[in-house]
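Have a look at these structures, which come just after this line.
Presented sequentially are two complexes of subunit A, the first with subunit B as partner and the second with subunit C.
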Partner chain A sequence: MKKGTLSIIGHELVPEHVVIDEIEVKELLDKYKIKRVQLPKIKVSDPAINGLGAEIGDVVEITRQSRTAGISLSFRLVIG
Partner chain B sequence: MEIKTVAEELKKSGVDEAIVELIKEGFSPVELATEIEEQLEMQIGQPYADDIILMFGREVESEELNLGRIGREVNKIKVPVKIKNELRQKLKAVKTKLSKEKLDAILGAVEQKYEEAQVEPREAVGIVAAQSIGEPGTQMTMRTFHYAGVGAIYITLGLPRIIEIVDARKKLSTPTMKVMLVRDFASERNKAEEIAMEIEETYIRDIAKVEADIDDMSVWVVINAKELKRRYILKEEVEQTIKDIGTDVLVEVMGDGKLRIHIKDKSCHDLLRLEAKMSNTVVKGIDGIKRALVRRDPGGEYVLYTEGSALKKVLKVDGVDSRRTTTNNINEISDVLGIEAARNAIIEEMASTLDEQGLDVDPRHITLIADTMTMDGEVKQIGRHGIAGEKASVLSRAAFEVTVDNLLEAAMHGETDALKGVTENVIVGQPIKLGTGAIELMARK
Partner chain C sequence: MRLKKIKGIKFGLLAPKEIRKMSASKIITPDTYGEDGFPIELGLVNQRIGVIDPGLRCKTCGGRMGECPGHFGHIELAAPIIHIGYAKMIYRILASTCRRCGKVLLGEEARSKFLEKIEQQKEKQMDVGVVVKLVFKEAAKTEVCMFCDEIQKRIKYDKPTGYIEVEIADADKKRRLMPTDVRERLEKIPDDDIPLFGMDPKNARPEWMIITVLPVPPVTARPSITLESGQRSEDDLTHKLVDIIRINQRFMENRDAGAPQLIIEDLWELLQYHVSTYYNNEIPSVPPARHRSGRPLKTMTQRLKGKEGRFRGSLSGKRVNFSARTVISPDPEIEIDEVGVPIDIAKELTINVNVTERNLEAIRETLKRGSEHPGANYVRRADDKKVKVTETNHELLAEELGVGWKVERQLQDGDIVLFNRQPSLHRLSIMAHYVRVMPGRTFRLNPTVCPPYNADYDGDEMNMHVLQTEEARAEAKILMAVKRNIMSPRFGRPIIAGIHDYITGLFILTWSEKRFDKEKAQDMLNRINIRGLGEPAGTFESSSGIQVPYWTGKQLFGRILPKQMDLQFRGVVCEKCIERGGICKKENCPREGYVVIKEGDLVCGVIDEMAIGSFKGKIIEQIFKLYGEDEAKKFINDSARLATNCIKQSGFSFGISDEDIPKEGKVQIREEAVYEAEHKVEELIRAYDAEELEALPGRSLEETLELLIMQELGRARDDAGDIAERYLGIENSAVLMAKSGARGSMLNLTQMAACVGQQSVRGERIHRGYQGRTLPHFKSGDRRAEAHGFVRASFKDGLTATEYFLHAVGGREALVDTAVRTSQSGYFQRRLINALQDLEVKNDGTVRETRGTVVQFKYGDDGVDPSKNECGKVVDIDKIISEVVEEDVGA
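Now for the complex of A and B:
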């Protein structure tokens, strides 16, 4: 009756999350002239990044389906 | 993409059989395949691959730009994907009349219009968003506290619902879920009913008569076989549940759906307590789902609407589509599906609530609210316990709510106000550093 573990990846409300490497992070921060802590946050325990191997301090790239732009990229800093 | 798959795709979109056959037989050079692939990739979701084939089937007139070229040129300009797609489709319609100069002029104009429509740096987007939602909100108040429902389930709508979302309430006044189903569960009513019964919480009192008998110090449970059948519950399941209730009870199955639960050396008080506990035990279903109704969606699919919400448990039920099932409880979505899903849910819920009231609010304003609420990795309310309460400025916080408390706190901690925001500068009577006020001009010496 019950399925084992619940996978939320692929749920229509959950966009794609990818951990990006340091070079990309630097590009991003330089582009917007911001510091890392100024990014929006995501908790390390967030179900959507469960299994991505994200650690505190990493930056996650989120590919959102936007109502106005079609597809938009967004970034979140992994926090504890 | 393999040529074969390309051919397959083309056939699906209704391209002439003969052309498809030609491609399949390797008639086309590799360039053709790459060109088609490029086109298909560029125009995902817009199957006008037949046009591409037609173009390969005839001579391209001089001066006329081919479709690939138009696509590439459109890709170069700096506008969102959505606009690009629309632009490509429209340009496609007039492609025979396009020259390079005309195309450049059109694209240039589009790009310029887009840039003009963008928000200026230092624009107070928060205030614009607040007013853009607040104004329609005043129209909403008149029609407020009225409920519309899916059949017999009532859902909070209108202003109360907007307040609920913005306050990020943990306990909703009407939690509800929309449970989508998979396979034959979605196409057959009986199957859908089965799942509805499986998730709807059922107590022993719903399927049996529970009575305490003081004469022989035992509780009698008389199972209603009809109810059992209706709710797809086996008699053995009920018996097992009763046996699991406690170790200090003696359960006897008397046949004919009767059970006798005996307790030894206990008072009358204990007996009555056992009776109450017995009738309030869940036999089947998910705790929190008070009711589940089967409804047929306009798409012809059977969907369950529930009263009460338990997203995590419902998603695990076999037959439930774990990709499309949602709840109206934002906090629950944040816990189960993550912060990004919560952000999407806020946008979705607010937009649908406003839309249901016939109010047209630009999605950008709603998106801004959702972004702000989910900024810190968890859903935060807008009010004094959330966004407004975390403002850096003392004066701004004091101007919002609980003035004395805020000023007292700030005084005790010796806080300073940097006077950077809008509210605090209005209070002290200084120009606000916003829009044109953000820029200072100096005469060159």
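Now for the complex of A and C:
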């Protein structure tokens, strides 16, 4: 992270982002019968995954508070 | 039929070679038809490039009119011409390539960097235009070619089709580039450099942007029409092509004769004009080519562009057959999922039926009637010959009728059709109705289905589409039937429900304890399919002294509820005692605001908008969820009938005398509300003038004054309304309608009977007009209520001249607001729909777009259909517990 920039991680409006491992990714892709590129995307430069050590090609799991479902899980493919 | 998938679409430029190859005929003569009436050889309406005359055959493919799709021809231009659509691109390319060696003026490093970037964009299926723009910007900066050391000149684009070369060192040294020069320079650009412009050298060489051969569209694309007088009238494109050929010929003749350069250049310019306007007749700074009559010609671009162009007008907006449109009017006697179709329409619209052994006799009967109403208009015999059913042949046809025939039968009762009202803003704007053929000239629909269509009967027109295939009918029945759409997917509440008089009717029926003897009770339940009246509630003594059994209104309403239904809720008449710090008396509510339904009986409470109204409708919601769509449909039908029966018995009307308030009431309103407030306002003004007024936080003194005045005058109107309400009881029609939620509000009634109140523009009192005053009737600087739009009169009393004017000022704002809002929200909706239209909820619950990319892992995060959940939640736990422990735990 650049000096003098503010981390948004931990802010209540920023949901939790976690990089998931290959096994979980495979399970996920099998579950929905999709290819990696069919996942929603997130840029490596996105402040929400800054500092997670996510690399292009990784998949992040996002845990959101949802008004309809309480907690909802979402996944995004990290792209350049 | 095998489904074919489009893998991709490739765009490119037509090479002159290709144009010649695909051409069926050279076009030389500008004339169309000869004196013999036949098309001229090598002319514009050439028999090799398509046929539009019946009886003639195409000399290229041998097809007759209709069979031959038409073939392109070509015109050899005497000199190259700039294609107007690419003029800007040509300029950019000229400016970024070397004038001698033709290479793109970029260093090796920059070149490969850009090429890589373009490749990346292509891979991501993203716009390469962004990178190409940078290429042009970078390359145009170079002053000396890095490959051949040629000193570059600046290119000036002389709109619309001229290019001027200017020396960088000396701006006065200019030279005009002729299309030949331009073409020469473009030809020199090596293939390897072309991807830098986002082009593919195999499909689009830059020099192909200069026209040397003009493709001539087939006559089928520009058919001539024969006028009544027998004269032929050619298409605009043909006219334009005639101009091009004429000038082209003159150009050639002049050049061959060795005419002076000046004349040649003039003709060249003229040819450029004609070719340019042939492609686009709306080029800025170019006068449009006109028809003899002075009308601008409709050329290529004009055919494609805009609302009525090929894309939006002909491809996206095709017109349909088997449809009808007329004015709508109400018919409370038909079912909610029916539509009354005028007989004239029913006779015109048809449904195709295949004759089988099972329906043979039935169809024979239909055919026997000929074109008398439920008859048939056409038959297609087993040998595939189509015969019109006429008065003379229908009996014969009925006799001959056999299996394998197809009959185009007229629309009849029970057929399923789609019914639609524009604007089609949500899916409920098109629903499937069952046909009911009736006399008259309007579509009839049950008033309960007005809310989803947002229809009323002030002249609205609606469209009807007759479904033509069994699949379509099945789909409509399952997905689009009215009963399936009782619950709105927008807010999860019934949208098809009681409105206006239905609410009034049931309110009157269930309000207080109304008694009906047997005859009247049965009258109420007329045309409702239920079993018996049930036990009477009691007896009363009649005038002749005998005991007569009676039934209450609540009891009668209970008859149309499902037998086992239990429900409790608060109606719109509930005055929310709890929120105001009181306690809810529930069953003993004096306003009967607490509704209790036990085992299908209305135990207490009055039926109002909250019970059966559109957008609220608790009872309908409950029935739909517990008993299903058929039961819900039946309930809506029954309640509508019950309401009409009831309101018919007592009658219900509203007139000017309903706004009457007794004299003492009027005095009270004037003195207690209006004068009081006006007095207080004057008091405030005095305090302000004496600088005694204290500013509110964050506001200036003046703003504070205005705010306090607004508050005071707002209260004046409310007070006036409260006083009026005291004199107008529930027996007043307007009050009844407002309280039950049927129509109108207490505010409307206040304005009619008591006091119209403060008029406002942008939330403030009216200040516009002259300096310091709104009208010449007031003194400049007058801050009193009257001078800034406070209307103390009621609508019934009538407004004074100044009140009237200031009321109109406020009214104008409301009018403008609605006009602006509808157009803005319409456009916003259009953009939203365009963005979301391809999203689809798949069988695994994910929302995906066309490529299969997931947009949402679970629809709405919870995967629940909003029209089937409990007010936005998957389950209403309070409700379930209440049901199990048989005690109200919620609220």
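Assorted remarks:
Just so it is clear, the second predicted complex is superposed on the first by the 75 of 80 C-alpha atoms of A that agree within 3 Å, B and C clash if a C-alpha of one lies under 4 Å from a C-alpha of the other, contacts with A are read in each partner's own complex, and residues count from 1 in each chain.
Following the convention adopted for this analysis, a contact is a pair of C-beta atoms (placed from the backbone, for glycine too) under 8 Å apart; a residue touches a chain by one contact, two chains touch by 3 or more.
This structure is a prediction, so every number in the text was calculated from the model and none was measured.
By the document's definition of touching, of the two partners only subunit B reaches A:17; subunit C does not. In the superposition on chain A, A:40 makes contact with both subunit B and subunit C. By the touch criterion defined above, A:32 lies against subunit C but remains apart from subunit B after alignment on the C-alpha atoms of chain A.
By the touch criterion defined above, A:75 reaches subunit C but does not reach subunit B. Judged by the touch definition given at the top, the superposed model places A:48 against subunit B, while subunit C stays out of reach.
Of the two partners subunit B and subunit C, it is B that touches the larger number of subunit A residues. Looking at subunit A, you'll find residues 40, 64, 66-69, 72 touch subunit B in one structure and subunit C in the other. On subunit C, the positions that touch subunit A within their shared complex are 844, 846, 848, 851-858, 860-862, 864, 872-874. Those residues of subunit A whose C-beta lies close enough to touch subunit C in the complex are 32-34, 37-40, 64, 66-69, 72-75.
Listed in rising order, the residues of subunit B touching subunit A in the complex are 80-85, 198, 312, 315-318, 322-324, 326, 333, 335-341, 344-345, 347-348, 363-364, 367, 371, 374-378. Contact residues of subunit A toward subunit B in the complex are 1-3, 6-8, 10-15, 17, 40-43, 46-49, 62, 64, 66-72, 76, 79.
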